[in-house]
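Some structures are shown below for you to check.
You will see two complexes here that share chain A, one where it goes with chain B and one where it goes with chain C.
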Partner chain A sequence: MTKSAPETTVPDTHTENSAIEASGFPTGRFVVFLVLLGCLYSPAFFLDPFYRLPQFNRFLALALFALSVDLIWGYTGLLSLGQGLYFGIGGYFIAYSLKLQKAALDAGNPAFGRYDWGPDMAMTDYMFQGQLNEVPLLIRPLINIYTAGFLAVLVPTLVATFFGWIVFRSGIKGVYFSLVTQALVFAVFTIISTQRSYTGGVDGQPGLANLELFEFEFKNYFHLNLVIVTILCFFALLSFFLIQSKFGKILTAIRDNEFRVTALGYDTAMYKAFVFAFAGLMAGVAGALSVCATKSAGPQFFSIEESITVVIFVAVGGRGTLIGPILGALLVSVGQDRINSEFTQAWPIILGCLFIAVVVFLPDGIVGGLTRAAKWFNRPALDPEPTPT
Partner chain B sequence: MGFQSKTVPETIIEVQEVTVDFGGFKAINELNFSIERGELRVVIGPNGAGKTTLLDVITGKTRPTHGRVVFQPDSRPAIDVSDYSAEQIACLGIGRKFQTPNVFKSLSVLENLSLSLKSPRSVFWSLFCRDSADSRARLQEVLDIIGLGSKAHQNAGTLAHGEKQWLELGMLMAQDPELLLVDEPVAGMTPRESERTGELLLAMARKHTLLVIDHDMTFVRQIASKVTVLHEGRLLSQGTIREVQENPKVIEVYLGHHKVAKRPATTPQHAGVNVLVAKI
Partner chain C sequence: MDSTQFGEALSNSLSSSSILILAALGLAITFGVMRVINMAHGDMMMLGAYTAYVVTDRRMLPRALNHLLGLIGIDADIDLNIFVAIPASFLVVGFVGYLLEVCLIQFLYDRPLDTLLATWGVGLIMQQSINLTFGANLVPMHLPEMLQGTPEILQGTAFAIPSLRLFIVGVTLFCLFGVYWWFFQTMSGLKIRAVVQNREMAAALGVSTRQVDSITFAFASGLAGVAGCILAHLYNTKYNMGGDYVVDAFTVVILGGMGQLAGAAGGGAAIGTGNSFIEKLLSVFTKMDSPAAMAKFFILVLVVGFLLVRPSGLFATKERSYD
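Here is the complex of A and B:
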């Protein structure tokens, strides 16, 4: 008697086909996801182009930031309370570039073009105030937006890889992981806000030049919006494929039961370090885009509030879904803006209450709640017979 | 039944002089123990005999205080695995089913099996691989054996207790390890489920070497060809189930428990001991 002999009947062959087909690519969900992402292009056509649109651009950058937190928290179960570190690093590279460009443009030295750098390049205002004699050597090349852009992607990824490697190798998990990430971001916050002559200190780097790429200056927020939405969509789609791959399933498995994944022979530290690095990359890009959108950067990027706010975006929108963090970031940011304009100071209280409300009443966030509601309405159609065991 | 090795009987795992000391309490005490390739071995013993600790040591979850664990993979030199990490040992070909169901509850049955399939374990591979026709056929085969074909796309978290246990056995089959360690597969099962589980294990024993831990004597009788009895971290007796039951030392150990247990009488635990003693 062979193993499968008693089971090989016609209905089983049928099961096989259906099992394999349905286990493939979820086309339906992908189409819905594409349509929803496509909708992100539309607000640019009706929002006020001088006030609302730049704001919306910033919210989109925050959405990308939230997506990065969702990958590590929602899918892998690693609650990072210091993701602002990577966001801030990415943002500051771009901010240096645009700030130096601004200084060069203001100085109007004809010998120096917008991207030229050397010992007598124009210093930024905070460097003057900090009584530096010249632009520090390491900061000089950042005036080139391509160098800065490249580093804004590379450095957060490398820092996240290095940090993730050490933390996951040494088996730091759960709340200890959250605390370590938070401690790290706080340390960087302290450095950034005290080294005023190098970083702009607590005032950060306001009043940046417009982004200029390939001789095209983004004077108009509409064009910048197209770039930001496209980059957000690119990363959202990349995340979608990542989650659909075996890698994505392993991440979910790690969240469910890490020890069991180890027992299957997977090196979970490698998987966690990889996804943490990828999230660091996304956060770095998000920071860079946010700086382009607001034309300012500040040490608040590295503040603990920033990192926690983005976790709340994910919780509100729905962790473990890809549309959830985007939705959460947009809705909560819009809410924050509206409430701040009516009652200043009230926002942190409202945010805290919102977080508690979501945890108690909507543990899977808005998207999870909607999914459950949809299931509930479709109940008679979907209801399988009770399991007989 | 179990002996089906193609060549001369060969030791697949050998536990040599292993002691596990939990701060003075010796869960395993200078234990020597080995299994031959192709065997289905059942390990029994009273509570605290060190059965689960033995599995922990073999799978690298617990490091032995003294002694060596030598694993002999097919067509490779023998390896002392006592200082290997859990995932390295798993990759060498030792799979384990835990006492409580340990499935990934937010993945579907099929995904649970698919992650367990024998395949490369690297990050790079997991990003770009697609299940081949072979592996899909293998998944279907496993689904058929464990009888969960109709629930392939259900989340594993929604399965009944017995089904979760079968799914986990299925995951072990998909993993296709050389040595399979199974910890109390029928705990909390109805007699029918338990019988079905026995059939599953016997089916698995045709291809793999199995080490099963259990208390349930009906179940042990159903599957066992060779039984090892542990007591207080030591090997007490070993042989066919009949030999073991007739061994005076085994009777002594279980009778000793029986005497202590006599006054509070009929809690389920003691009832189990009574049944065992009656069978002996």
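Here is the complex of A and C:
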């Protein structure tokens, strides 16, 4: 024990994000964070624009998805195994829009433009195969990309708010919470993958039209990349300020000791419901961006594998850090892509080993491990400022 | 719904309830009692199914045995069936579970959410290993003659339940009573319950908690193997079949209530019966594309709704530490 200030003697179990940490804006860490986020703009300038760049766009969308999981898991301690639900809802709204637009463009009906909808609008291929007579009433307005985009943000948020509010009111937490979210996304998966004439079934909605916003068609993946990176940075910064705020401190306090937070008079259920809704919103946006990037959507969005893979992104990168999930999503996705193209059969085994290795040897991920290493090298100096990550 | 349709639904509900109970029984031990979230449970069922395939298929183990016996001069014609396959699956998968506990799970007992991730990884490795060994095709099983068809007493009645399904119900009941007897009537069961209640105190009283943990985990895995072996004789066997059952099994356990073996039986019966009857009702009264999927959806939503109202499950224990 040293005789220094009392906060240095507190065992530092949750790296630098502990709620005990003295408040005050960490300017150094913020600058590093900004620089790292800025680096995300650079790959677009040297990646192959027709093959690598669309992939990179998808990985960025997954990074946003991972960020949403990190907010609720890494910072609030709620492991959701059903975050794919919100990702999928957001994605499917955009997919409906682009699919209907594609059908309208292919039909070439001069009376109907790209965004017009009515009873005799063009049906998509799976609706034909499902022997529907016309586009279902509720799906029709989605052809308007603004309506679809608005719903892609709104509906996941509302669903997450509603579900989170009920779940946290009734005191479900920990493992129970994980399994209930999993059961819910599995229920939706069974519906989406079997109602072929309405959702495209197991094949999903491939072959979508290009995104067109404000009469600007995103034919070029470079422009789409700028949009996706900007949105990702926006949400990353928003999360940063959220975590730095008093609200964020309470979230980490809930993670570390919920009973104590309750005893201090905070309504933890409201805090958890809010952050869960915010994560739902981010996941919805991520799903929408992912669909724009790959020009396809499929029921695998709602699969359990997808949700758990994102959890792994967060675990590999470092839960409870903001740069960790982005890093983890990019690294694991790039690794998956490279290894899949070389040894298709080996990837599941490598992924499995990665899961085990991260859990056993690197419980706080790459960023957490680097922070620990940096701390270890800086041992002799009793530096009150934590090393920036 | 007439009596034949009711009989069909009943017959389906018997087998699906049995499968769910068998799948959930092992989980009720590893998850409900030991607090390990074993996402590889479904893949252990898959291993059990493939063990059954190796044991019963004439081109696999029986052929190897015949060949070996031929080497020492005995002209044998061994044909192994489900009666051998069940204990074989139990032992093989139990051994895999033992290895898993000793090599990995024992380091993670105080981190339940991390066991989830690690065992998911283990499941991936198992799936891919089986895929590489046996290929991605469906594996067919053949039944011994005495389990084919329908028992004579039931033939022609509305309740024409196939012999195989009755046999499965029997195996399920046997496993349930076996587990009950082991947990509540034997010394080693007492030790398990002691370790679960208070690990330090049990250790202080001379119970080898390490041994209890690994034996219990191995036994629970063995039960997954039995479930998989039975499943293989009812439905198709594929290397990625585990994922279809693990969510259902977890749903059964949380519906039944954590730490409650009776919960696995009650939850499994409730979900299995509900699923079969809703499916039958939907297919009789509506013209839906896929009544099975819709029934599953309804059941899952009902279960989630039920848990929101009553988070501790059907057979509730009021223990705060289970949160």
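List of remarks:
Operating definition for what follows: the second predicted complex is superposed on the first by the 358 of 389 C-alpha atoms of A that agree within 3 Å, B and C clash if a C-alpha of one lies under 4 Å from a C-alpha of the other, contacts with A are read in each partner's own complex, and residues count from 1 in each chain.
In this text, contacts are C-beta pairs under 8 Å (C-beta built on N, C-alpha and C of every residue); 3 or more make two chains touch, one makes a residue touch a chain.
These figures come from a predicted structure and were not determined experimentally.
In the superposition on chain A, A:373 contacts neither chain B nor chain C. In the superposed model, A:183 makes contact with chain C only, not with chain B. Of the two partner chains, chain B is the only one that A:262 touches; chain C does not reach it. In the superposition on chain A, A:304 contacts chain C only, with no contact to chain B. By the touch criterion defined above, A:252 lies against chain B but remains apart from chain C after alignment on the C-alpha atoms of chain A. In the overlay built on the shared chain, the residue A:213 is in contact with neither chain B nor chain C.
For chain B in complex with chain A, the residues that touch the partner chain are 59, 86-87, 90-91, 95-96, 98, 102-108, 110-111, 114-116, 121-123, 125-129, 131, 136, 139-141, 143-145, 149-150, 152-153, 159-163, 171, 175, 193, 203, 206. Here chain A touches chain C in the complex through residues 79, 81, 166-167, 170-176, 178-180, 182-184, 186-188, 190-191, 193-197, 304-305, 308, 311-312, 315, 345-346, 348-349, 351-356, 358-360, 363, going by the rule given at the top.
Contact residues of chain A toward chain B in the complex are 3-4, 7-8, 12, 15-16, 19-20, 22-23, 242, 245-247, 249-250, 252-253, 255-257, 259-268, 270-271, 274, 320, 387, 389.
Across the complex, chain A is touched by residues 35, 37, 39, 104, 107-108, 111-114, 116-118, 120-125, 127-129, 131-132, 243, 247, 250-251, 254, 289-290, 293-294, 296-297, 300-301, 303-304, 307-309, 311, 323 of chain C.
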